[in-house]
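Chain naming follows the written order as A, B, C and D, and within any one chain the residues start at number 1.
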């Protein structure tokens, strides 16, 4: 077992574990989403494949894997094939630094926050590539939308992150979690004495997360009723499956980050029995909320979406940033 | 003695093909493609009472690349025929076609001597796997059609056939 | 704004010439007097609209002359008169038959009276070697339904378009062209509409053979 | 928002492209094709190309006897089949001067209004799918199934009804239908309130629909747009009042209108019409007289020569049948004036300069049924 403690092997193992986690997680989140949608819509949802539909994702993946591979004529072949790979990689990279528990981190680095945000924005590049290389007008429109949407929402998200950075004083995600120990009133979400606008910050973060992961009501990229299947229109089989997987990986990443930054990570809300279960519970609660939102709201307008970011979210997050820096300087100094 | 030992009676190896067929049968993603009246019944089949999603077939994909089964729900006329053919060609193997309703089967009520518009059956355009008669077929009939397609794939029927009372 | 049927009858009467124009000495500048008398802008009968060979009445005349001639010597009404019909029996209140050249002016009367375009229909009268075009109008705020009809010879089925008066007529005329091969002179685009792009047949003609 | 149409065409630079929306497209509601000339996401010109589901109804009218054409009327606008039944049947009755028993007239009105509700529910759910809201469909179809159960019991069909016959209706209703309908009306009112709370008052929905695609009353008139489109533009035009037919004059109902003319107005008119239809159904049930449901009808139908029109208020607006008879047992000409055709003809003019999602929101609000356009 000595080999596992060696740094390169440990990292490799952790990455394999993460890959497995992301894959299985995406499969079953799709099932959860379909079942959940069924629940919201007064119908059973998939329940015939396996017991209660538990083999449904297996069937889907096997089918997707065995589907014909096709690079449509006229596309940019290399980019077309590259895009699904690029779309999944950043989410994996980011999950590597997320502290699932005190010790359960693939790589405990002291610049985790920075890394997450820098790799997180590569995701949009992949969707742009897929849209660009598909030689499909819907895909190109979708790619353009995704870029402007992600650029718009990256800013308030980063402003929120900076606010947190100032409050916590560290970029180490594990350290941020450790600071929130001792009960839910210590969570960043409720630390209103540091900055009374912390809950607002969380809401901004959540909205930005929805937009960054292109989920309803901000699903401009895959706006089915407008753009067919958006940037993924020409993708089939597992190429499409990987985009699906990446979408859920990004949701998990966004929710994990929200858990770490605002909800105390693996800390127990009552100060005792902290551990990975708490982390997963909080994260999946957030994921469920994301699914819930999707099946509840209609899609926003595109310019409404941009207006929300530039005219509302950015000013508010700027204000919280100012407020918390002022409070830090004046009150907590 | 050894010749008499038939291992297939003791150990059954699932062939990959069978597994794949089973997977495909449980994950038939239809193309979002409504033509006429039957499309409403197709929507109704996705509705809460019939719920096509039980069979994993509620994932209506708008892009033919991602769809496995094309439910031709309605009349195909001569102006539409090239588009339907293109959609079929754009779908990737393995792919199946369900002709839903009399119009897709044979032109239905719109066939008369001297008709100038309707394609008399989509099997003139591409091979069809399952025909569902009706004008329009009820949602149950569509579910039955999907089960018939599953049977075609796996060789087994999901549920026993319900015989009408004599 | 909402005219009574009698007023409409009178306007149409002046148009088709069955009701004599109220006694008024003909003035030399025909176009300026007849136009207002008909309650129509003069440009209504501009060249673009009645371009194409006008049929029986007033063929070959310049629009102004034609209008003048119409007022002075009412042409023999090519088809029936203006009939008030029983809505309960027919489904419309006024049945007007005009010459093909007067279709645009009839449409303008309807437009001024606040009517909306309901439908344009062709009927192929094979035995009489004629094509009938029926324009249905409805009124959005007042009761009253008007059917304006005209007949053209089957050999040269041409009527002017009213798409400039009612933009909605564009589609109806295209459809009628599809079905009957009726040519709406001045119509922006008469390419096949409901039929396939390369269709050259007109299926609702009675002599159509697939 | 700057107007995109102004800045679109720069001299020497042509950055527009043609987006071919349909005939297979999720927002096409069937097989509508729209050739969109786009500048980025702005629609410079949206030209509907129709005819992809042209099914020769008018030609078939000339090939079948008066009675044989009746099933076709259920398949033109399959969502409001009974209204189309009604128009055709009533036009023939008008030609032949057939008396319809009062019970049959009431049944026609009751079932027509039920059909209107089911049609509006389908529109509502499909429209919300257009807007990206996926769940309302399931709720609407849940309600619709209850309605279809009732209609199926009397008409024998779920969708493409041929319930009305010359001189009355095909089948008398039983006690279970009356009871079930009353129960449906009772249960549907709270559902409407739920729809209003959960969907209509949703801020995202409102932002997406308000001030989108305004249509003026004048435009409606010029294009012949009727139904919820013209009523959403502030004109209380409803064939049930403008050209009263059946027993509608005896019934007390309102014609909901909205002055704004935007997509939200059309949406609200649709929702208000659901309530009015419930009112009509209730009144119809209360006043339903006893008696036969089928009048005396000659064995062979030969309407006297002439033309006969009959218009009804279908779910999408004014539907008119114009029958031309030459005294034979086959119609000489059957003209079907369908509301969706005229309503869609507005689209090219009104969608100019909108961005794509808004143009689709406008298109959805016109309540299109494609076979109704193409016939």
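Everything below uses one rule, namely that a contact is a pair of C-beta atoms (placed from the backbone, for glycine too) under 8 Å apart; a residue touches a chain by one contact, two chains touch by 3 or more.
The model shown is predicted, which means the values in this text are computed figures rather than measured ones.
Comparing each chain's Cα centroid with the centroid of every protein Cα atom identifies chain D as the most central. With chains reduced to the mean position of their C-alpha atoms, the one farthest from chain C is A. Averaging C-alpha coordinates per chain places the centre of chain C 29 Å away from that of chain D. Separating the CA-averaged centres of chain A and chain D is a span of 43 Å. Mean C-alpha position of chain B lies 51 Å from that of chain C. Chain C has residues 195-196, 203 in contact with two or more other chains. For chain B, the set of residues that touch two or more other chains comprises 32, 47-48, 62, 79, 114-117. The set of chain A residues touching two or more other chains comprises 41-43, 224, 228.
Listing the residues of chain D that touch chain C in their complex gives 50-51, 54, 56, 58-59, 62, 91, 94, 217, 220-226, 230, 235-237, 242-243, 306-311, 318, 320, 322, 324, 332-333, 335, 337, 341-342, 345-346, 349, 374-375. The part of chain A that touches chain D in the complex is made up of residues 37, 40-43, 137-138, 141, 144-145, 216-217, 219, 223-226, 228, 295-304. Across the interface of their complex, chain C is touched by residues 78-79, 114-117 of chain B. In the complex of the two chains, the chain C residues touching chain B come out as 195-197, 201, 203, 208-210. Chain D makes touch with chain A in their complex at residues 1, 17, 19, 25-27, 40-41, 128-135, 138-139, 142, 202, 204-205, 207-208, 355-358, 360.
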